[in-house]
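Heads up, the next two complexes both have chain A, just with different partners, chain B and then chain C.
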Partner chain A sequence: MRSESQPDYMRRLKLDADELANRRRFFGITQEDLERLGALRPVAERHMTSIIAGFYDLLLEHPRTREFLGDPQLVNRLQRAQQSYFLGLFDGRCDLAYVEDRLRVGHVHERVGLPLKWYLGAYNRYLQLSAAALRKELPLAEAQLAEASLQRLVFFDLALAVDTYVAAQIETVARHRAAVDELSTPVIRVFDRVLLLPLVGTIDSARAQGIMETVLKRVSDQEAKVMIIDIAGVAVVDTQVADHLLRATAAVRLLGASTILTGISPQVARTVVELGVDISAMHTRSRLADGIELALSLLGRKITAAAS
Partner chain B sequence: MVSSIPVIRIRDTLLSAIQGDLSDRVAEAFQGDLLSRLERTGASGVLLDISALDIVDTYVARVLVETAQMARLMGAHTVLVGMRPEVAATLITMGQVLTGIDTALNVDDGLALLALPRR
Partner chain C sequence: MIVLETCALPIDSEDDVVRVRTRVRDLAQRLGFDAFAVAAISTAASELTRNAWVHGHGGTATVEEVEEGGRHGVRLQFHDAGPGIADLPRVLKGGFSTRRSLGLGLSGTRRLVDDFEIESQCGVGTHIVVAKWARFGART
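Up next, the complex of A and B:
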């Protein structure tokens, strides 16, 4: 049964009957393979304990994995899960329920943070131990056939495990991306009808699009007359970034407001001129403070010293 | 000539709120109407309010720019007011920056801009 917290990998990986048939074909898993493995279930049950023990020997031999398995309760739980996983290989089936079960196994390992390299290395040990057991029990020719069947199914499983890892990573990246996007356009109201957008970091096309949308929306919502964009924190100002800024300026103008670009370092000034970008349409200032003064003067106001 | 877009005179300024589909016929009638009003009243400013427009395609953009140019030839200063953010974003994406036409956030700001000494 799928726990509630587990993401729906079946849907996300588009694992339907078609995809399952495709995968089985690609990995060369035939009905014959499954029947052969199913018939070996008694053998598997007999050797299960020693194979899993051998498997844990590998994990406990290595300092890093040993450290990982430091919690005896975790080891206990894993061992039980391991048994059901192992016997699952000899169920003689490879249907959607089987796939779902395999995805769950991958998910659990991803969740506890087991690196993929150990996961793959451990699978290898699994195959070796199983092959050794099969050779003890069966005539060589039959053992080889069984090994081949087992290998196909194990590789099929591996692909699913890797898929869950990748899917989880993609999701993590998407989540971070959303968090960064939220933080990437902090528009501040510095004065009546004057907004400030301090930009920090790298500006790519996707972010530039977001910046444009936020800036226009805020200018319109707050009826701003001046939008100050401070680029002191922007890592690289190249032609593309300059172009994005120019487009934002043009769009802000269409709404009826002005843009002031501040935080222009000597290096940026040099780059912009060397790149031949025409920024004559923009108000620019080196320091943010000067930008704010310019903004106020556009509003017909100015900062004066207090009368003493 | 009568168009379906009303032109309202406020002191020295003509105000038009453009809405709905701007067909060829309506656009032409509107331009004609606006220009003859300019001739009759000698107004020095024109405010084109487009806050009701969800979409401004290249055709509408051209009509707006041309209207402003025509008004300028007759001695009036045109300000485009109330453009929606999504309209601005789309125009920029299309590379349409409406060169040569002044803009303001709303009618208030537009009137204030027209009241400034001519540049």
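Up next, the complex of A and C:
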């Protein structure tokens, strides 16, 4: 059962039968382990309540984790989820449905913002409490075998939990990036038929692609005659950035418009010259204000003081 | 020459271009490089990291703070186990690219730095060492 908002981690983590088999092999989980744990389900059921209580004692006695569990109702719900999680270890299976279930547990904890370190520490407590229970119930040799099986399965679970955390982080970064990219191609109409694109930050291949598309679309939509690109906020102008600027200039020219490059600092000017890049295809001005003046003159207009 | 500090960074995605050059820029600024020297060594880092990624299929960048005769400098080493450069003299002349880009990265980098060494063998890989030095008394 998957809730509406849960991302498809199975697909994202490429968790198919193959990957599952790989992981099981790597963590050393055998059919024997699963059967051993399955047979211990009655033991697990008997000790479940006290183990989970012990687990929450750890979370509640520690001030930093207590913050996450402020709401008693939430604790109640989590404890119930915890029970099904705990008993899941003694289901005697480790198939794709099991994996999906584990990913959901990781996702829930990630979403409430529980830092991974507390999550991992709490798992450790789980193992200790379970080991103590097993030793109470079983002869030592058997208890040790069961502990080893349980440990393998818990580590398998942990890897899945870490994966959901990482996947969620990557997604957050990608989302921010998309938002920034959108913000970072703000084409401004400064005057009739004159557009300004202030570039800020880093221009990698992906972003250059987006910039090119936006620029061409806006130039053609607005029948612009001049495109001013201001690079005052660009960290480094290397040959790749120069290449992108030159390509944009060439494409803009095909649409019948010219490009003015502004915001060139002395060190950028010198670096570009040393690199040997020929930017004579673009008009250049060091200051944006001069670029705007040039744009107007290209349109046969100029700024004059109002007659008093 | 004494190596005061060294840091090895993997190059295995395009994002590493920014990661490496940010590190280089911070170090150059800390050593009191002037604005052009900072831009020059950061741009060199950008070019060489991208080459190691695009042409060399990934490798490592080593960013080092070095000192010689009382002068501080930034030394950068780039290693990759890619295809190597077949015609080095032609590439160093500039304007040649196997990727339809400008082909000015290596030749331009050479002009931006104070020391430049390159070793490249077809089928083995490429190793490039560059350095930029602060002016005497630059460091506060």
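FYI, the second predicted complex is superposed on the first by the 274 of 308 C-alpha atoms of A that agree within 3 Å, B and C clash if a C-alpha of one lies under 4 Å from a C-alpha of the other, contacts with A are read in each partner's own complex, and residues count from 1 in each chain.
Here is the rule we use: contacts are C-beta pairs under 8 Å (C-beta built on N, C-alpha and C of every residue); 3 or more make two chains touch, one makes a residue touch a chain.
Because the structure is a prediction, the values reported are computed rather than measured.
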item: Greater residue coverage of chain A in the superposed arrangement, chain B or chain C; value: C
item: Partner chain(s) touched by A:Arg253 [first = chain B, second = chain C, both, neither]; value: first
item: Which superposed partner A:Lys225 touches (first chain B, second chain C, both, neither); value: first
item: First (chain B), second (chain C), both or neither touched by A:Gly276; value: second
item: Partner chain in contact with A:Arg135 - chain B first, chain C second, else both or neither; value: neither
item: Partner chain(s) touched by A:Pro266 [first = chain B, second = chain C, both, neither]; value: second
item: Interface residues of chain A shared between complexes with chain B and chain C; value: none
item: Contact set on chain B toward chain A in their complex; value: 79-89, 91-92, 97-98, 103-106, 109-110
item: Contact footprint of chain C on chain A as seen in their complex; value: 202, 204-206, 235-240, 242-243, 246, 265-268, 270-271, 274-277
item: List of chain C residues in touch with chain A within their complex; value: 14-15, 17-18, 21, 25, 35-36, 38-40, 42-43, 46-47, 50, 94-95, 101-102, 104-105, 107-109, 111-112
item: Sites on chain A touched by chain B in the complex; value: 212-213, 216-217, 219-220, 223-225, 247, 250-257
